[in-house]
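Two complexes, one shared chain (chain A), two partners (chain B, chain C).
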Partner chain A sequence: MQEYTLSAHNFEECMKCTVCTAYCPVVPVNPHYPGPKQAGPDGERLRLKDPYFFDEALKYCLNCKRCEVVCPSGVNVADIIQSARIKYSKSKPKLRDRILASTDFMGSLARPFAPIVNGMTGLGVTKSVLDATMAIDKHRTFPKYAGKGFEGWFKRSAAAKQTSFEKKVAYFHGCYVNYNYPQLGKDFVTVMNAIGYGVELLDKEKCCAVAMISNGMYDGARKHAAHNEKVLGKAAGKGLKILTTSSTCTFTMRDEYHELLDIDNSSYRDNLLLATKFIYELVESGKVKLVFKKDYKARMAYHTPCHMEKLGWGIFSIGLLKMIPGAEFTLLPSNCCGIAGTYGFKKENYEASQAIGKPLFDEIAKVHPDFVACDCETCKWQIEMSTGAPVKNPISILAEALDLEATAAANK
Partner chain B sequence: MKFDTIIIGGGLAGLSAGLRLREKGQEVAIISSGENALHFSSGSFGVLNEGAAVPEGHPYTKLNLSKYLGEVIPFFGKHGVELHGDPMKNGWRLTPTGSLKEARFFMEETDILDKDEKIGEKALIVNFLGFMDFNTSFIADGLEKMGTAVRLEALRLSSMDRLRENPSEMRSVNIARVMDSSWSEIVAEIKKLLKDEDVIILPQVFGLKDTAVIKSIRDSFDVKVMFVGTMPPSVPGIRTQMQLKKAFESAGGTILMGDSVVSAKIDGGKVVSLKTKNLGDHDLFADTFILATGGYFSKGIAATPEKVFEPLFGLDVLFSEGRSSWYDPDFYSPQAFMDFGVATDGSFKALKDGEPICNLYAIGSVLGGSGALKLGCGAGVAILSALAVADSI
Partner chain C sequence: MTRDYKDNEFDVIIVGGGITGAGTARDCAMRGLRVLLIERHDIATGATGRNHGLLHSGARYAVTDRESATECIEENMILRRIARHCVDETEGFFITLPEDDLDYQKKFVESCLAAGISAEVIDPKDAIRMEPSINPEIIGAVKVPDGSVDPFRLCASNVMDAKLHGAKVLVYTEVTSFIKEGDTVKGVKVIDQKSGQSAEYYAPVTVNAGGIWGHNIAAMAGANIGMFPAKGALLIFAHRVNSIVINRCRKPANADILVPGDTVCVIGTTSTKVPFEECDNMHVTPDEVDLLLTEGAKLAPSLANTRILRAYAGVRPLVSADNDPSGRNISRGIVCLDHEKRDGIKGFISITGGKLMTYRLMAEQATDAVCLKLGIDKKCETATTPLPGSEGGKIEEVSKKIWANPTTPQKASVGRAGTTAAKIPLKDEYDQALVCECEEVSVGEVNSAIENLDVHNMVDLRRRTRVGMGTCQGELCACRAAGLLGKAKGCTEKAKKDLTDFMNERWKGMYPLAWGQTLREAEYTQWVYNYVLGLKGE
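Coming up: the complex of A and B.
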């Protein structure tokens, strides 16, 4: 039907049904946010007439995309809102925003001093200082920096072995794996090797720039996107699938680059996918066999991150986890956790962030699983801080649950 | 990915079919491109207007009507949605224009009245200050015509002050969220206002999570409390939708939310697989497919100036030749185009080029010949065709 629609992000298809408003996680907790319908298609009409009507309160949009998932008319409401911010916003990102958004730059600065930085950011006094001087909320637990990064580990301890595999995939690890939690990257390599695939890193990936987009650093975001388009396109050009372990990085590079940043990403878009989707499809088609440990048992509850919901790929992570014979699986009702990347770290958003996540936290408390399974690192920080339940990426769960030797033997 | 049955469309019809098939132990996926018409629900389900005859070829002629009518209340009850009403006889509800309108099944907050029943001698209609989606003077006009005296009040509650900061979001659902925890404040305020009225009328903005609040408010008064529909979104409709979705997912059903089918592979008179916008090259396979994509609004059927068509499978659509025959210039007359929809055989199998596709069924508003508006049977066709088709799979 969209062939007759010429408006950007389908905004003319809006028929004012207000369904988006009913599902927006921000509206119930922040009265200063005009709501997706007003901020999106309704406001767009006015802004097209005169940019005067741009409202800086659009910054309260989490860009969670839940409005787009529920819209019965196919309007990309959040894209309209984010595009309006890019086009009209006059507010410059603060130093705090720049620091929070520069995940790879900050990571490369902090990592050499990881024990000191981690010790510092864990201190109440540091948190209070950051709260007072930078408006980074003192309640937050900072993600720890890893002393040794994933890339370094890979080059030292894994790269050589990868050449022995005939079949290969490329891996976009993202900032989180490299600077904060290399174990997930290691688990990924372990699982891929067990199913008979060697792993290649990209030719110097950059941060996917999701945090730059949400913090108004659009020039930086475009630079990152243009760089990534080149290196991802190069890998795709070699016929490689590019796998990821973060739903948000995937979503950003797959959809936001062309929708918001005008970067043509057709060179690699179809080759970029979450590792869980890739593995699920191999198992389903019978090309790969997974052999699980006989004694593995866990009660797990899956949380669908907002960007996973938008991608529509939750079924693959869920499908994989349900294959584990010892897994007692619960699907948590779809609800934003409230962190939305850097949003929840900001002092002015802390209260709203926790209020948004409360229904999810309550549900997790009710299910009381051994751990929460989730494909997003910022959801992990939020859920771990707010519920105490550990959060594991499905790939790490696979690495624990698989009988690696038997799996490797079955996929020789 | 492979399922026993894939349902295209997550509205009332799709969810009903999905729940019924899960009861039978089937692996079921629902593909839903956005939320559905339950969000505009009146708080009741119509089955057939009083005195209306079921025309030839109507979906009701293809199923055991009295059997399935008797199953509606137990079926929804089992999945957490309490409906009330006499399955064989219409009741009437008070509408936002103050008139009475018939339906068969009613959600918990909707009172069932007799035809032309006068709701009381004196009514107190209470609104929230700043809530524009509930037009109290419309209701008052209608009630006064029926001989009920009316007093209008708008309350300013402290629990609503935060919401009032943003007039564009002063909406039914947001009020309901606040009222789920702060309902006792409005009860206390109404008690102060109430004089000699024998009925209190409130907007349907209570009980988004569950219906306990509705009961608590009713129990707080000696006089009758009635809840009347608001402009969308509909709180009873959303509660019903969320409950059905939750019941389906907790029974192990899969919902692909916000995704839409882009192409279908048909081979040898059978649907083999579907491709969707989100899943790209990943095919979805099933033994059986159910088309529950709705009418024009949800693009289950679409029109060009020349023809009316079904966009996904190119199914046969019942419509009259010549655009001028589609509509009546008198806006309020029954409009022919509203009856157009997919042609099916006697067991709801969809027809393509005159032949049934053996594993594709059509249910709900996508069906042709149902005359939902004229006959008042939209929800009835959705629920009953869903149950009948699910039972035949």
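Coming up: the complex of A and C.
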């Protein structure tokens, strides 16, 4: 008798209950997608028989991992699908895919010319040209580039102060914070300093490569992963926790590196976590006290990003926001927003993307909050574009709601 | 033929719808004979459908049985040509483990080469690179032209071609006695298992191709063959662990062949003498499962932790030559008996012994014997004429010839039907809707099988299409298939009974392995069928 059974990404543990397909956000909106069960564990047996059974329609998978969250048998359905794409897909990434995927490269090119680039990408004519030439959907709003990056700001205005803290954390800021929205990074430093932690940057982080994985640029993704493994491993080796403010970067570096890219990330995996989880646990254990502004008032609705659901860490962001006395908090029903990183930017996916997110958009319209709280930057773009509601990261909300001086005093 | 026939008169009656009978029916029909093939159950129900599905290179027999080895390699090369859609040209390895004698390898290679089997000694490291599932401890490896062959498909293609050449095929029809005049067999009395009606059929020659059951068929005609039922048990793993056949390079023993076939792989076999009474209802014992798993894991260590779908057992139709209690040392050679010469019974031939691999040669020898009796001088053409469906190449090539952008169900149908997939209705969405999700069997393929391939029940349908042979063992597909079958046959009650029988048959193969995921799946299936679909008590 066998005590246990093993298979790649657990595909043989599937008992065909089909709940993954029932829960998949793509299945109801795209008839060309075979669904996670068929594309994943079922397809795997056929592909092992003959690679000709690989179906290019697997590209419609959002890699949202909702199938994995819902699977009662522990099958890593989306990993099976993404691995099959890595192993068998013959379609090469297009120029558009390469541009969309190269978030840090494009960011470093565009940022010095931010006002011009932002002006250009905001123009209807640019959008039409991109739509026609690159198949980037014209309805999309591009994330704005920041004139000055986060790393530069940190070195100039924050690094010196950090040495005064005895307790330290490392920060993986990601492309979004560096190139598009440095304010989130600044908020993070503010909050961490208030609770008595100094912040260190990593020794030259690279993009987590989530967009490269989803755009079929696997060699590039492996290079990034190997680099990040070194720098994150180095920080973890010093005993530092590595904190993040993006659920997707975190998820990618924590789970996708070893599951999909065969990069052993055990050197830092346990030390990598979202800032909200880190702070929540400190508050819960009584090691940190948060003092909030008396006059802070906000109606906020939290959207749980798919990768946050997969991490199982939504509870920490939610718990932290609920600690704010002046917060009127609504938890939005679990629903993929439809953007899935670069997926929704592609012309061929635009309609599906919006259809997937519609129940969420409708719900937000119904709740009508002052803003939506969310740990993912691409969900933010999608929700802001589709609902008009502003979206804030929980760390930025904390930075606004905390009485920083009182908090700092309480954690001396 | 210029003779006028009545409806129940034929040139030859073949008893037994296994691969040997099907092959003989095809050969006889291709040589212009009026053929009747009679099978008590469905085609391929006996040993034909209960083996490894190994396209032997003959290497396994090279040291111990040169004649069988030569037959195997010749037939191997023939099947690659005439049954391309049934054959997967995987190649094979004979590996030497640290506990085996490496000196045997030398003898093995010499014997292979002497039998005309290419056998190339390769570096164990290269072997592991080519087939990563192989035990990394191996000290030797030899590459041989093994492959895998789908026995159900092969048998069905032979039956199909026999029918295309005018043969009449009666399944679920049992021979109850021989019609004899003196020492001459003139025909058979049969009973139709479905209607219960009796009938008589006449032919100057009757061929007994009953496999192990041929022992009793011969006895009915008054001849004693003296067969030796040797049970072989096998395990089916839920996916292909290996893509190249793995054998042990030693004297043939238990559980020393791992064959990748279709979406699964199969480890086997055991060899135990069993009484004739057990041949109709084989069970795999816990000891056999343990032995297969333990020995199998020596070939490919990952088998120890790979999900198993089913256990099954077949009976080799060996003809006893000595008192070997295991049956391993008996020749797997072909035995073609003219009972006129042997027992003084005229118009009666038995074709037995042999193996799946040599079915075509067996059929040729039996047909030669039939033709000799009938005074017909026609050459055998089965070695050069492709079976229906075999005219194309690989799945990709054939699919692209039929459809511009083949879908997965279309590709899967080509994997099973070869070029005849072009005749299966698979155009619209409904026809491509899946009945069996694990094996990608569509509505069109099921309906086509029901219409054209003598499908009378769900188990027949499984043998033609692989419905219910995948991971879920009928959990999702059985009810859908029962619906289609019920619609085609116009009887819901029968379909319900059929569905119950099918699920029980699936459970029989899962029962010896009822632990872990297999048990969990079976339990879930039981909830669905008993409580959601209301089959409880049926």
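Quick note on the criterion: the second predicted complex is superposed on the first by the 409 of 412 C-alpha atoms of A that agree within 3 Å, B and C clash if a C-alpha of one lies under 4 Å from a C-alpha of the other, contacts with A are read in each partner's own complex, and residues count from 1 in each chain.
The rule is short, and it goes like this: contacts are C-beta pairs under 8 Å (C-beta built on N, C-alpha and C of every residue); 3 or more make two chains touch, one makes a residue touch a chain.
Model, not experiment: these values are computed from the prediction.
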>> Can you tell me whether chain B or chain C touches more residues on chain A?
In response: B
> Given the touch rule stated above, what does A:Lys287 touch, chain B (first), chain C (second), both, or neither?
Replying inline: neither
> Given the touch rule stated above, what does A:His32 touch, chain B (first), chain C (second), both, or neither?
Replying inline: first
> Thinking of the overlay built on chain A, is A:Gly74 touched by chain B (first), by chain C (second), by both, or by neither?
Replying inline: first
> Now for A:Val19: first (chain B), second (chain C), both, or neither, which partner does it touch?
Replying inline: first
> Regarding the shared-chain residue A:Ser334, is it in contact with chain B (first), chain C (second), both, or neither?
Replying inline: first
>> Looking at A:Lys167, would you say it contacts chain B, chain C, both, or neither? Reply first, second, both or neither.
In response: neither
> Thinking of the overlay built on chain A, is A:Ile315 touched by chain B (first), by chain C (second), by both, or by neither?
Replying inline: first
>> With both complexes overlaid on chain A, does A:Asp270 touch chain B (first), chain C (second), both or neither?
In response: first
> Where on chain A do chain B and chain C both make contact?
Replying inline: 1, 17-18, 34, 37-38, 42, 73
> What residues of chain A sit close enough to touch chain C in their complex?
Replying inline: 1-2, 4-7, 11-18, 34, 37-38, 41-46, 48-50, 52-53, 55, 73
> Across the complex, what residues on chain A touch chain B?
Replying inline: 1, 17-19, 21-23, 27-28, 31-35, 37-38, 42, 68-74, 270, 277, 281, 284, 309-313, 315, 319, 331, 333-334
> Tell me, which parts of chain C touch chain A in their complex?
Replying inline: 238-240, 243, 260, 262-264, 289-290, 293, 302, 304-308, 394-396, 399, 408, 411-412, 415, 434, 437-438, 440, 470-472, 475-476, 515-517, 520-521, 524
> Across the complex, what residues on chain B touch chain A?
Replying inline: 1-2, 33-36, 39-40, 162-166, 168-169, 171, 173-174, 177, 232-233, 238, 246, 249-250, 254, 256-260, 276-282, 297-299, 302, 311
